[in-house]
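Just dropping this structure here.
Letters A, B and C name the chains as they come in the text, with residue numbers starting at 1 for each one.
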Amino acid sequence: MTISANWYLLLAAVLFCFGLVGVVSRRNILVVFMCVELMLNAANLTFLTFARQQGTMNGHAIAFFVIAVAAAEAAVGLAIVIAVFRTRGTLWMDEVSTLKN
Amino acid sequence: MNRTFSKLALWAFLALLVALFLGYFITRVLPDYLPAGRAVPPRLGDLVFYACAAATVAGAAGVAFSRNIVWSCIGLLIALLGTAALYVFLSADFLAVAQLLVYIGGVLVLILFAVMLTNRIGEVNVSNQSLGLGGGLAVFAAVAPLLMLVAVLVPWPVRPPGPMAPTTARIGDEFLSTWLLPFEVASVVLLATLVGAVVMARKELKAD
Amino acid sequence: MTPLESYFPLAVVFALALVLGLALVGLAALLGPRRPSRVKEAPFECGSDPVGDARGRFGVKFYVIALLFVVFDIEAVFIYPWAVQVRELGWNGFATMAVFAATLVAGLAYVWKKGALDWE
């Protein structure tokens, strides 16, 4: 393997930063969701990079659980998003503030 | 007037910071880590790696910065595909397949369904964006240098990685030995997902 | 032959699919004659007159089905590594897997009882 681990880590860092910027700056709940998935993906990439470096399977197992939890989060979260949209008619996070205060 | 000016100044300052960092990163830090023999033509596998990495980053940028939500979805598709290809490079063949099955075949379809269900294609309210973008840039300026420098500068203990091998059987062994409890907990998480999502959606089902 | 090179045919298939798709769409756009008329520009809905907006909302029913698919998709992905090793793991592994599957079957029974699987 000629590509060193640092490159994979750099790529994961870039992915994570994009996801973070998206989560902070976007106001559409669905886009925020996608950015969260992006950040989880970056974490998975890091896990697998270190698993490759160490030659163990632990990173693979953790990445599996991350995928499962991300899918579960997406399923429940999107159900909530749809319910909110049905009752409020909006996807903008700033307008869904009943629980604030 | 004054507020917009100060906001603009903040933006310009943050943009300057980011530009300075990127300039430093590209001119000073990266050259040390580029492959020494530049004259040697890069191998095909390396080229494919760079292509996948570029596609992933482009897709991620599309997710985070596209104004049209459908383009965000397509960007997510490209980013997930690119990561799956990178998993193959990391000798994680089964995880690459799992990524295709669960993320692209499942979660992405779910997100697209949610987009179609809520049916507000494109984002109209652009004025709200400005404040968010400033915050986003600030967060980027705070986090990106740290993460990237750590990723590139730290001499991670490099052990020559072993030959690539099929991982499916070893993952099965791991699940039923070291990771037994998390494995069973995962099934409970999935059960909770089923129950919770059906409870959420049932009211909607009745309303239809 | 290192395993990475064994992915080469897969890469060729992906590249071919990409090139073919781009070439077909691109060539059609470049070479095809275009004589638009009102009838031709109407959205195609199986030959009948278009009804409503193309971006009309889907029913929530579709979403529930997709959600169930995702959950059992994950289950399949989790079961696969065990299935590869089934002989080595023996009855112990089988018992573990039975507990895993039983939890999800309980979820399926709940969903079924609540009527989320009924289409009408």
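Everything below uses one rule, namely that contacts are C-beta pairs under 8 Å (C-beta built on N, C-alpha and C of every residue); 3 or more make two chains touch, one makes a residue touch a chain.
Computed from a prediction, not measured in an experiment: that's the story for all the values here.
Across the assembly, the mean Cα position most removed from that of chain A is the one of C.
Chain pairs A-B and B-C differ in how many C-beta pairs are in contact, and the one with more is A-B. Centres computed as Cα averages put chain B at a distance of 21 Å from chain C.
Chain A and chain B have centres, each the mean of its CA atoms, that are 7 Å apart. Annotation for chain A: residues touching 2 or more other chains are 64, 67-68, 71-72, 74-75, 78-79, 82. Across the assembly, chain B contributes 45, 89, 91, 94, 98, 102, 106-107, 110, 113-114, 117, 171, 173, 175, 186, 190, 193, 197, 201, 204 as residues in contact with two or more other chains.
For chain C, the set of residues that touch two or more other chains comprises 60, 63, 67, 70-71, 73-74, 77-78. If you check the complex, the residues on chain A that touch chain C are 64, 67-68, 71-72, 74-75, 78-79, 82.
Interface residues of chain C, counted against chain B in their complex, comprise 2-5, 7, 11, 55-64, 66-71, 73-78, 80-85, 88-89, 92-93, 96, 99-101, 103-104, 106-108, 110-111, 114-116.
By the touch criterion stated above, chain A contacts chain B in their complex at residues 1-22, 24-28, 30-31, 33-35, 37-38, 41, 44-45, 48-49, 51-55, 57-58, 60-61, 63-65, 67-72, 74-76, 78-83, 85-86, 91-92, 94. Against chain A, the residues of chain C that register as touching in their complex are 60, 63, 67, 70-71, 73-74, 77-78.
Across the complex, chain B meets chain C through its residues 45, 48, 88-89, 91, 93-94, 98, 101-102, 105-107, 109-110, 113-114, 116-117, 119, 121, 163-166, 168-169, 171-173, 175-176, 180, 183-184, 186-188, 190-191, 193-195, 197-198, 201-202, 204-205, 208.
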